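The next part holds the structures, each set out as structure tokens.
Okay, so subunit A shows up in both of these, paired with subunit B first and subunit C after.
The block that comes next holds the complex of A and B.
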């Protein structure tokens, strides 16, 4: 709990401009969500919307503030800080958040209604699929009856076979098999880039 | 129900963007990605006929219906989230024998799917699949 309060104070300070930099945040430990959220207390009621979470499409960006139109009709103002971790196919930088992107964001709801973001995942999808065909650097996938093109990105895309450590070799992904794909959606084409595919070898 | 050890992943539901746009509000009609909810493999006979955890050797998954609370603990970091049933899933039998590991901690077979809001409260969404323990919340 102490860690949670410290992080809240830190983010609050950062948003209010009373902290010169969030680089020092790492002195408290990693800002990666795996560790950051381990200390978070249970805030919303089970089943209820999480006020510290936002989802939707980016409609505008003004410096460190991004405006997001939620799929449920709500609007969110999300504040990016030096301590915000960004994932868009891979861990990346704040400038990669673009108008039109979809996102999930987790952070701290501030008194002014903005969400001070600890982590945002841009265009991330998690699809249970059936592999229908394989081409050069492309997977053709069926997801709940919809055809999805999945691009293999050399140097980035990885495969996890039977829980073993991720490898760059996707050659054991087989047509006709089920798989799970973590990827990044391409808003302009509705295709995806494959980050990780979980499959049986 | 004794604690159930297995894999947890996440799924989108409700109004959404991209490939999630057609997800709908789940079997209970209440599911939303931004709420602390989950899918359960045994919400009804029809649900169980789809998920079939027994085909992976998981027996004794209790029948739980919409709104029932489960607590999911991330075995990688100890983080815990309590959520309510809002959908049927995951389809365990499609991934029989699959393992998720972190360090020396592993768990096999998919036993629960959380919404993005709930999953991101205990782990990173890009992790995709993590070992967990599930118990009545």
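The block that comes next holds the complex of A and C.
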């Protein structure tokens, strides 16, 4: 925790320019995109599975190594690093990746066959739904005839109405209307926690 | 009274069948509707529409025969046969093609659920009851019989998911208006999604986009700023990109960015077009 706080302090002062540790000639570059360094090439062979991507269910976890069995039958070994971002309803910490979770991972395939993860999205779902009913902090949704229970998590769930910036107020979501929901699935249930709901208001 | 209730069944079944045939015979979307049902799998995609229309024709014929005098035993027997056929078709549909629409009644698309089976079962029971009638529904039934049949009609409506939008959804909307179940979500806190929305539209983000290697790794608030950090690489060295985003205002031009070397903590990149805060 102290580490996190120290790090945040360092980063805060770096971005607000309150430190004098700025180095290097390129450091004072312009905002133009071309000044940015070209990213490492990540493009896969045409027709072949993207080597830098993995998806599936977590079958085992040993420290920073997680084993994932893909829905296409492939098996992945994914290594979490200090630089891995983890999303599970919200940006969270590495220890939140649990056995049984579904995930998408993007990273770099190492020579030993493991995927060094740069980003992991745990249990993320993106659903086009019909709002069939609304209860106390819960949305009852219909997704192609399947009933889905969407839990509203106060403080985290957000709503985007008509493409405007997100707000925390979900009370303008209407029964009987269509919506799109980004959420975190609760493994092996028909329930999700709502991260963002896109609706018309 | 039971005889009168039995006599009224022809009216109920007849009306239901005529309504049901309407969606199978009328309108430009019949073909599309047919291809969403399990008929597509049962008789093939090409023959789905003719088969769908044929079912509609049979429904209309039997429905009209039940509604119009004279009273024939054949009519209710045909209705029984049709109900048994529906139950068989629904079972096939549920097993062979669970994602398809039932194509049952009216023009709405509705999946096969327990309510669909309930309605087909109720239809069969009504048809069996109708076969015991010895007078026509037009023979002035009593008030009690009409009350029983009204309850039956309400049951049919309750079991028809095609009709939900006319009574169930308005009721649920009314409940939401009265109880405000999501009112507690309104807060002054700015969701992270708002910050990210603003960040993705900023020049600062575009400037370093190709250096970013991860999704949001950490975020924290300080005063009017919200800080968001990403894993990055700079000159092939591991680094962290940190953005300062105005927390309560939408000002993408004011977003600042710095890239900090992970090993020695030095700021290696910070666009100078932005004023440096003292």
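We adopt the following convention: the second predicted complex is superposed on the first by the 154 of 201 C-alpha atoms of A that agree within 3 Å, B and C clash if a C-alpha of one lies under 4 Å from a C-alpha of the other, contacts with A are read in each partner's own complex, and residues count from 1 in each chain.
Methods note: a residue touches a chain if its C-beta (ideal position, glycine included) is under 8 Å from a C-beta of that chain, and two chains touch if they have at least 3 such contacts.
Predicted, not measured: the structure shown is a model, and the values here were computed from it.
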Task: Return first, second, both or neither, reflecting whether A:185 touches subunit B, subunit C, both chains, or no partner chain.
output: first
- prompt: Touching A:167 in the superposition: subunit B (first), subunit C (second), both, neither?
  reply: second
- prompt: What is the contact status of A:63 with respect to subunit B (first) and subunit C (second): first, second, both, or neither?
  reply: neither
Message: One more residue to check, A:84. First (subunit B), second (subunit C), both or neither?
response: second
Query: Is A:137 in contact with subunit B, with subunit C, with both, or with neither (first, second, both, neither)?
result: second
- prompt: Which partner does A:155 reach: the first (subunit B), the second (subunit C), both, or neither?
  reply: second
Task: Classify the contacts of A:175 with the two partner chains as first (subunit B alone), second (subunit C alone), both, or neither.
output: second
Contact residues of subunit A, present in both the subunit B and the subunit C interface: 32-33, 35, 37-40, 87, 119, 121, 144, 160, 195-196
- request: In the complex, go through subunit A and note every residue touching subunit B.
  value: 32-35, 37-40, 42, 44-50, 53-57, 70-73, 87, 102, 104, 106, 119, 121, 123-128, 143-144, 146, 148, 160, 162-163, 178, 180, 182, 185, 187, 190, 192, 195-196, 198, 200
- request: Show which residues of subunit B lie in contact with subunit A when the two form their complex.
  value: 9-12, 14-20, 22, 30, 32-37, 67, 69, 74, 76-84, 86, 90-91, 94-95, 97-101, 106, 108, 116-118, 120-129, 137
- prompt: For the complex, which residues does subunit A have touching subunit C?
  reply: 4, 7-8, 10-12, 14-19, 21-24, 26-33, 35-40, 83-85, 87, 90-91, 118-119, 121, 132-138, 144-145, 152, 154-158, 160, 165-171, 173-176, 195-196
Query: Given the complex with subunit A, which residues does subunit C contribute to the contact?
result: 99, 111, 113, 165, 169, 172-173, 176, 179-187, 189-194, 197-198, 203-204, 206-211, 213-220, 222, 225, 227, 229-231, 233-235, 238, 240, 242-244, 250, 256-258, 260, 262, 265-274, 276-278
